[in-house]
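Each of the next two complexes has subunit A plus one other chain: subunit B in the first, subunit C in the second.
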Partner chain A sequence: MNPTSAPPARPAPASVAMLLADARLPGGGHAHSASLEPALLGGLPAADVPAWMVGRATTVGLVEAGTAVVAARVLTSGPHGLDHDAALSTVERAWAARTPSRALRDASRLLGRGYLRVARSLWGPHPAVAAVAARATRSSSPPRAVVLGAVAAAAGLDAVDVVRLTVYDDAQTAASALLKLEPLDPLVPARWVLDACAAAEAHVGRVAACTTPDDIPSSGAPLTEGWAEAHALTNQRLFRA
Partner chain B sequence: MPENPFPETAPTTPARPLRLGVAGPVGVGKSSLIATVCRALAAELEIGVITNDIYTDEDARFLRSAGVLEPERIRAVETGACPHTAIRDDVTANLLAAEDLAADFAPLDVVIIESGGDNLTATFSPALVDAQIFVLDVAGGGDVARKGGPGIGRADLLVVNKTDLAPHVGVDVEQMVADASAAREGRAVIALSRTDEDSVAALRGWLLDVLASYRSGAHVAQDPGPMAPHFHADEDGVGVLHSHADGDHAHAHDHDDAVAR
Partner chain C sequence: MTTTTPSPADTRVTTAVGVVRGSAPGAPVRVDATDGLLAVRTVSRSTDHAEVALVATGAVLLGGDHVVVRLDVADGCALRVTDVGGTVAYDGEGAGCRWDVEVRLGRDARLDWYGMPLVVSTGADVQRTTSAHLGPGARMVLRETVVLGRDGERGGRVVLRSEVTDDDGPVLVEEVVADGGRPVPGVLGPHRVLDTLNVLHATGTDPQDEAAPPLAPEPAGEHVATLELERGGRLVRWLGGAAHLSPIERALCR
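What follows is the complex of A and B.
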């Protein structure tokens, strides 16, 4: 046995998915509420939060998930380099067209920037991460979903897991924000997280199969968009978005 | 691609401004101290400020209205109701804001980051700041300094603020400073009042010294640590006072938090 010739051990993709889903990973996510604070400020009754979470998991959550899936596909296909850059801009444009609120796009790019720090620290040399990092300027980072796509490509995550991770992360972000905004037994929103994930299951296969930017779901949530715009103008808030 | 992929995390990139944290409980005068520093140094240093309010951008607005800096140089970040997390466990939002300020107003000398007033245990991660000030005030009582805590014990500078109020709250400032100095094993302590010119000059001098030391590469960011130094007995029953901030994690000891890790 020659230990120096053994290939370096790699974590299982499932372990990487767990790391990414863990709120303790320092990527800046704790300052975000996945649109929950804007919704409550906009008048959504707290009692409607579970239904609202299911709504997200089956609409805007799938836009994010599809974007990440397609970004990962783009980054794992063909030769690396300029082609990837052009393809990534098409993915980003498709995502932006499906995310009409500027406040939400800005928040997602900010999250993307924090996530990119994580990605560069952990998978920096991987060409998929390098390709996305090369698109980041100080004023405009790729959105979080695109950065997630790069991590998925670098770590070998399955498309179905990328979809589930995106839906779970969104629901869990809202659930933990809710505990800061409404008095509640912390186990109650944990159930709602599972319900939201369950509601998304029917869509997982379809979203995981997306290959081109045109395939990305275009299901919107107009009230959420409006609430996000109003929230961005307040100066009484706990969360960035 | 820039040469250094992590300019915001490099410990001492000469091109990067000094990042100075200001921590301490709500109301001890952190925002006022920052205004004082800006006023005392605006003529010679290029300064930017980041605030971490808990629920509003009150601190940022206070500082903008103080007229000590261009309003654009004062930015607020949201902390998701976790001011503690934003300066220690996940400093992303603050790092990005510091990076933006440094780029928007290059060349900056100092970026000052005010923590959202939390409790006595909140201190900055060395991943975010190069040096930090922990602020107490005399109105909090003369014994606070003795009670200790990571910030009180090991911040680069402890400020005992609002000394002008001491007669009104029955606190002996000299005693409080002596207690603090003892708890800090000689690290810097300044008794400050914004109305006491000499004390402001001392604060100004301290900051300029740290900046010079940072620029020369001699300054090393210290982590006051999230925990107070604590006491546990070794096998001979002889007490050992140690702090987890001193790079001594490697030594074997068997108290609760080590087991829990």
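What follows is the complex of A and C.
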């Protein structure tokens, strides 16, 4: 076989999921604490962090996961081009209506920007990534969940794995931030990451089944949202959000 | 996406208030009222404004109750709703109860409802849903206070769902699930009271209009969060230990 005419080998979706979940991937996630620093500054007792992580994995984490799932779905169905842009706009609007905190929307768009850089350099020619990239401006980017949806569409990630990836990444981001904020045995929060992922498992099926923007979960966490707003106003912080 | 046991559809009892312009020039607005588990008392009327009070006709909320309050305000009209008292959701002994508010505001219509607290007793399982559609230029100020437990109780389970749309799509979609027996850090945490002032408007209103009086007072204080929505207004929110301590309460009583 002529090696120049063979189609390039494609990585397995599981390999792509591992890459995306790996903190060594320069996506900009290291500047974020997944709301943990705002929570600790807001008065969350450190002993409550594991329960708080489970709470995230079953509330706001599912909003992000559902947004990514639906973004991927609209990008893999139907004609391309302007229709995709309109569909993405509806997805982003649904996400924004479910994310009442401006601080959290800003943080998610900043993360989206870093993720978009990764997506463009690795899957740039793919129409799903191109459609999301076209929505980014000099000052703003689609939120991280929407960019993740485009990557999922480009790399062929299953919806259930998109949900698990979102929950895992959020929990691991909080866990690694915790080590910088509160000294403790680094293996202890690793257990909490798995506990948070396990708590989300009961929801994975229904979130992965979301097809329209209206289906996206809207489970909120009022204390976390209030802490995010207070944190955005302070300069005594290590993390962006 | 809720997991509360739905009450059977036949238990829906609807209280409805419709406000439309009077038929003659200069006539007061017409108030079309239907009593349900709550009765409607018209307090006042003018050419474009009505105020009604909602009065419980019996003990609500009991297990199996399904209160529906439907408010329909026609183009250019305003409605103010007052509660005569707070509401206690009692131990339903396994039966859930529902409280649904359905709002439709016409073009440039307005609704003000500074609701009294909903107290969720231990053993109660409440699903409270507020759905609203705002016509172009419509405004809505809605206060919703939920208290987990009567004095000395931890409180039952409640699912609070809000879904507000305008002609351009969703403005606010939120579901908060709380259970006094199983507090979740980051959701309500140790707090028993979630007090929210929703100050919302549809596309077509100018929230920056300097000449317009503020829609609602501006509470300030510890733990008051102002959540600026991407579009359509904001939520002012307080979490605390007792409803009378809320800065929102203080701001409204000034």
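The definition used in the following text is that the second predicted complex is superposed on the first by the 241 of 241 C-alpha atoms of A that agree within 3 Å, B and C clash if a C-alpha of one lies under 4 Å from a C-alpha of the other, contacts with A are read in each partner's own complex, and residues count from 1 in each chain.
The rule is simple: contacts are C-beta pairs under 8 Å (C-beta built on N, C-alpha and C of every residue); 3 or more make two chains touch, one makes a residue touch a chain.
Remember, predicted model here, so these are calculated numbers, not experimental data.
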{"item": "Fit or clash between subunit C and subunit B when superposed on subunit A", "value": "fit"}
{"item": "First (subunit B), second (subunit C), both or neither touched by A:192", "value": "neither"}
{"item": "Which of subunit B and subunit C A:123 touches, first, second, both or neither", "value": "neither"}
{"item": "Touched partner set for A:180, first subunit B, second subunit C, both or neither", "value": "first"}
{"item": "Which superposed partner A:168 touches (first subunit B, second subunit C, both, neither)", "value": "neither"}
{"item": "Greater subunit A contact set [subunit C / subunit B]", "value": "C"}
{"item": "Subunit B versus subunit C as contact partner of A:217, first or second or both or neither", "value": "second"}
{"item": "Minimum C-alpha separation between subunit B and subunit C after superposing on chain A, in Å", "value": "21"}
{"item": "Shared contact residues on subunit A - subunit B and subunit C", "value": "none"}
{"item": "Touching residues on subunit C, where the partner in the complex is subunit A", "value": "1, 161, 168-177, 184-189, 191, 194, 223, 225-231, 235, 237, 239"}
{"item": "In the complex, subunit B residues that touch subunit A", "value": "1, 5-6, 8-9, 54-57, 61, 77-82, 85-86, 89-93, 95-96, 99-100, 103"}
{"item": "Subunit B contact footprint on subunit A (complex, rising order)", "value": "24, 26-33, 110, 113-114, 117, 120-121, 124, 130, 133-134, 138, 177, 180, 235-240"}
{"item": "Subunit C contact footprint on subunit A (complex, rising order)", "value": "35, 39, 44, 48-49, 51-52, 54-56, 59, 90, 93-94, 96-102, 105, 206, 215, 217-226, 229-230"}
